[in-house]
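Here subunit A shows up in two complexes: once beside subunit B, once beside subunit C.
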Partner chain A sequence: MNLRKYLKVYKKFLHTSLASELEYKTNILVDLITAILSLVGSIFLLSIFFQNNGYIGGWKFEQALIIQAIYTILNGITNTWFNPNLTEIVKHIREGTLDFVLLKPIDSQFFISLKKINPSGFLEIMLGFFLLIFCIRINQINLNLSFLSQSLITISCSICILYSLWFFISTTTIWFVKTWNAIEVLRSFLYIGRFPLNSFSFSLRVFFSIIIPIAFITTIPSEVFLGLSQLWKILLEVIVASVFLITSRKFWLFALKFYTSASS
Partner chain B sequence: MVQNIIDVRNLSKSFDISSKEPGLKGTIKHFFRRQTKSLKVIKDISFEIKEGEIVGFLGANGAGKTTILKMLCGLIYPSEGSILVSGYIPFRRKENFLKNITLIMGQKQQLIWDLPPIESFYLNASIYDLDKFEAKKRIKKLSEMLEIDEELFIPVRKLSLGQRMKSELLAALIHEPNILFLDEPTLGLDINAQRNLRKFLQKYNKETNATICLTSHYMKDITSLCKRVICVHEGAISYDGKLDLLLKKLSPVKEILIVCRSEEDAIKLEKSGFTVKNKIKNEITIKIENNSITSSLKTILNNFDIEDLFINEPPIDEVIGKVLIKKDYDI
Partner chain C sequence: MIFNLINRKIFTLLKVQYSNMLEYRVEIALWAISGIIPFFMLNIWTNNNLNESINISDIMLSRYFLCAFFVRQFSVVWVVFSFEEDSLMGKVSPYLIQPLNPFFRYFAQHLAEQITRFPFALIIAFFFFIFNPESLWIPNLGILLLSIVSTFLSFLIQFLIQSIVACLCFWTEKASSIERLLFIPTLFLSGLLAPVVSFPAYVKSWIYLTPFPYLIDFPANLLSGNETNISGGLIMQILWIFLLFPLFKKIWSAGTKKYTAMGS
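Right after this comes the complex of A and B.
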């Protein structure tokens, strides 16, 4: 793979999608306001849960805020990259415009996963980081190299798991043509990621750890922030993320053999 | 000797198609127990195309022309048979193969809708690993050939269909491919835009010796661009050869309207042994076989007092229409 070429193409992707989005100023403004209100609303909801009970699943409100911060960062990444690109796969397949992608001398997964960005998602990422910094202060977390590397690894793994799940569902469009509902179900599960895994019953914990690994996405990185994480859990998240990433890639290449293009 | 750039052997393609009975009952049945059947849309076809050739694929809607083009450019996996395009197996979509080909579809677009076409050109240039200087040079050359200039800087959504199609062509040709697959490129364009597009394709073929495979329902596209046509009927090739030979075969006679000086001359001509279609006063229409036109006209001009004559070619659409409904043409 020619890295220089891919960087050049990605720079062009950033440029063209920013230029496209900036054509509609009002839309950007509405998106920015929605991002702020959504975060304020989520914190308010979380505070209601903790109002009568100081602890939920063994987590204090200040600790649960870390999960909210990580969720906000991941949701920002979702809105910046995954939502504009991965939902478009369904459209590409339904309308047959995937033809143009497949005939370009560039990796098709790279193209369809990164072609667009939604700049308003950046604000959500920034808000998430501000909230995380605030949480680090109120929880008096000691910032050292081990902590930083562990949090970076777990958050990167969370992004990989989230991307792979979404990409996997979108790929099934090649057979099922319409998969909007499945993506909506995935998004609904992600909302669950705002709450500590321990606050759920045993069966739900198993479901969200093994079947749909939402637990890996927010809870394990949050445990790292609170110094509660164990090394085996981090290693497990790395393995899960690698397996998901490789499987989604193989599945995409396999599915392309069944692509029939839309009729003209 | 010109080499084959496309080599297709015993190619077949089947699709699983689901069918549904009408009405609510049919819908419920379709939802719970979908019945699918395998449909062979391309049936054991073989052909070769030489470098620099312009070949037209003719056929009715659903005959399989687009499926053939999509298999040639590597979008659809063939069920049986082999394809070699420029020495590559298309479906493997190797980088060097993709740099050699392009696909232009009249009904689909790759330009970024909200931005001027120039942005899409530079994006494509980066995908094809062209530096800015080279991209600029190619955009300038192609925009001159396509006669577009200011349109390059206007958002695509504000361009007319003709301007958009020209921009689509430029975006698809920026990497200077030597094989062009064109699927109904003039669809929806007005007469002038169609003519300009054909002129451009002729010029491009002449200057670069690019091979062009074209499907179109506009006969003018086929007659002005393609010397050779491949007729597809229900997934099989019904004719593969020169277009003029096909036309001769399909319309072996020409109609000639002769205006005689007097009605007596017209009566004399009517009785002289030619096949007469009709006669109105001093005007008579006769049918003459293509291979005896010159000698027949010589006889008429020498023996009868003729004021004027008109040779009528049968409308090309009507002639080609026969190909679309007939299974086999042996010439």
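Right after this comes the complex of A and C.
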């Protein structure tokens, strides 16, 4: 495949969407404050949980902070790439402008997944990284090569799972037209990714690892950071991520067969 | 005569909006589902026995979170998002000519949505009681009426705050990012994720002066039969409404003078 062409196209995407987003500079500042406040808020909530307990689901406060950090990074990625693009799909399908996307000599999934970018999400990602570095210090984690590669693998798998979940729901727009609300449902489910999986009851744990694999998204990378994760868990996450990516791709191609265009 | 006219206007508005909302039943059902975060929080609280430290039994806490879910369902406000879209598209212009403040239209929209949402919220509550049969209770009629009133007052406070933010659309194009900023303290301080009693003392000392605990914590405590200061809470709610209403009127009259009818 001509990777160079795609890279070139992506550069153009970046350029145009950054240019249009930077029109609203105060907006970016407000978004930054929102991201900081929401992190402060969730740490506040966590501190309420821990005020009289040393452990929650077997996690100490310092350890649970790692989950917050990873959640913040992933949420930043969602806000930067997934949210602006995949909500656009709904618009494309409702207004029939998906026609123009399909006619372009470029992969349609690539186009609709990466067209837009929201720069205020970067700040959230940075915020998450700062917290993560802080956590590495307070938990006295040794940085070595195998640890770094493991954490890199698990976090990229989490990103893949997250992307597939979003893309999956957005694809259903082809049949249901308005899936904006289904995305809200996903968002509220993702919210539990802020807490260690073990703090939930058994039935919820099963639900969130088998039906919607939110458990894989934040808990497994955090376990890797703490050196608690076994190899089979990492392998499992790789498998789940690839299954999700492949099915979401297949599902998109399948759904396109049912696309009938609108208002034309 | 005048009263009769206003009455008829409100009735017609409600009827139109209700039939409009019924069109989007599925979406509203999804909205209702996306509000189940309090149940996840309840799961963390009871599964880790966190409630022992704040002297609330499992049953009372599960009632509290169920009521928090209900109060939230009937006090969700999105006027700023509707108004922003209408204002950017220039749809506000025809509304301004009509002898009726456009916010009445949005107000009727919200009320109609709540009526449509009611059965779905009941279904979710039904499932909640299937899983937690021991927390079933019937509040007495007086308490029920009072909590309906206080939920409505909570809705009014949030509607007024958001309308004030919405009026900022007259000055800036993206007022919704300010609303997203305000939503963060609402989320963490209103009692949706943790009852206000469980907050640390340094927060409890000032939080009762802000409007936040009266949005969800107070009505939910009232309905669930947890300890709360009934008259004090209601007075504070009414006080906030009396404070916010003149502010809204002022910003509305200043904003309409600024209005430039974008997009038309």
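Basically, the second predicted complex is superposed on the first by the 263 of 264 C-alpha atoms of A that agree within 3 Å, B and C clash if a C-alpha of one lies under 4 Å from a C-alpha of the other, contacts with A are read in each partner's own complex, and residues count from 1 in each chain.
Criterion: a contact is a pair of C-beta atoms (placed from the backbone, for glycine too) under 8 Å apart; a residue touches a chain by one contact, two chains touch by 3 or more.
What you see is a predicted model; the values in this text were computed from it and never measured.
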Original post:
With the two structures laid over each other on chain A, which partner does A:Lys104 touch: subunit B (first), subunit C (second), both, or neither?
Top reply: first
Quick one: is A:Ser146 in contact with subunit B, with subunit C, with both, or with neither? Answer first, second, both or neither. neither
Query: After lining up the shared chain so the two structures overlap, which partner does A:Glu95 touch, if you call subunit B first and subunit C second: first, second, both or neither?
result: first
After the superposition on A, what does A:Lys257 contact: first (subunit B), second (subunit C), both or neither?
first
Original post:
Thinking of the overlay built on chain A, is A:Asn52 touched by subunit B (first), by subunit C (second), by both, or by neither?
Top reply: second
Both subunit B and subunit C touch subunit A at residues 24
In the complex, subunit C touches subunit A at residues 24, 26-27, 30-31, 33-37, 40, 43-44, 47-50, 52-53, 172-174, 177-178, 180-181, 184-185, 187-188, 193-194, 198-200, 203
Per the touch rule, the subunit A residues reaching subunit B in their complex are 2, 5, 8-9, 11-13, 15-16, 19-20, 23-24, 95-97, 99-100, 102-106, 257-261, 263-264
Per the touch rule, the subunit B residues reaching subunit A in their complex are 15, 66, 70, 73-77, 93, 95-96, 98-99, 101-103, 105, 107-110, 112-115, 119-120, 122-124, 126-129, 155, 183-184
Listed in rising order, subunit A residues that touch subunit C in their complex are 24, 26-27, 30-31, 33-34, 37-38, 41-42, 44-45, 47-49, 51-53, 56-57, 176, 178, 180-182, 184-185, 187-188, 191-192, 195, 199-201, 204
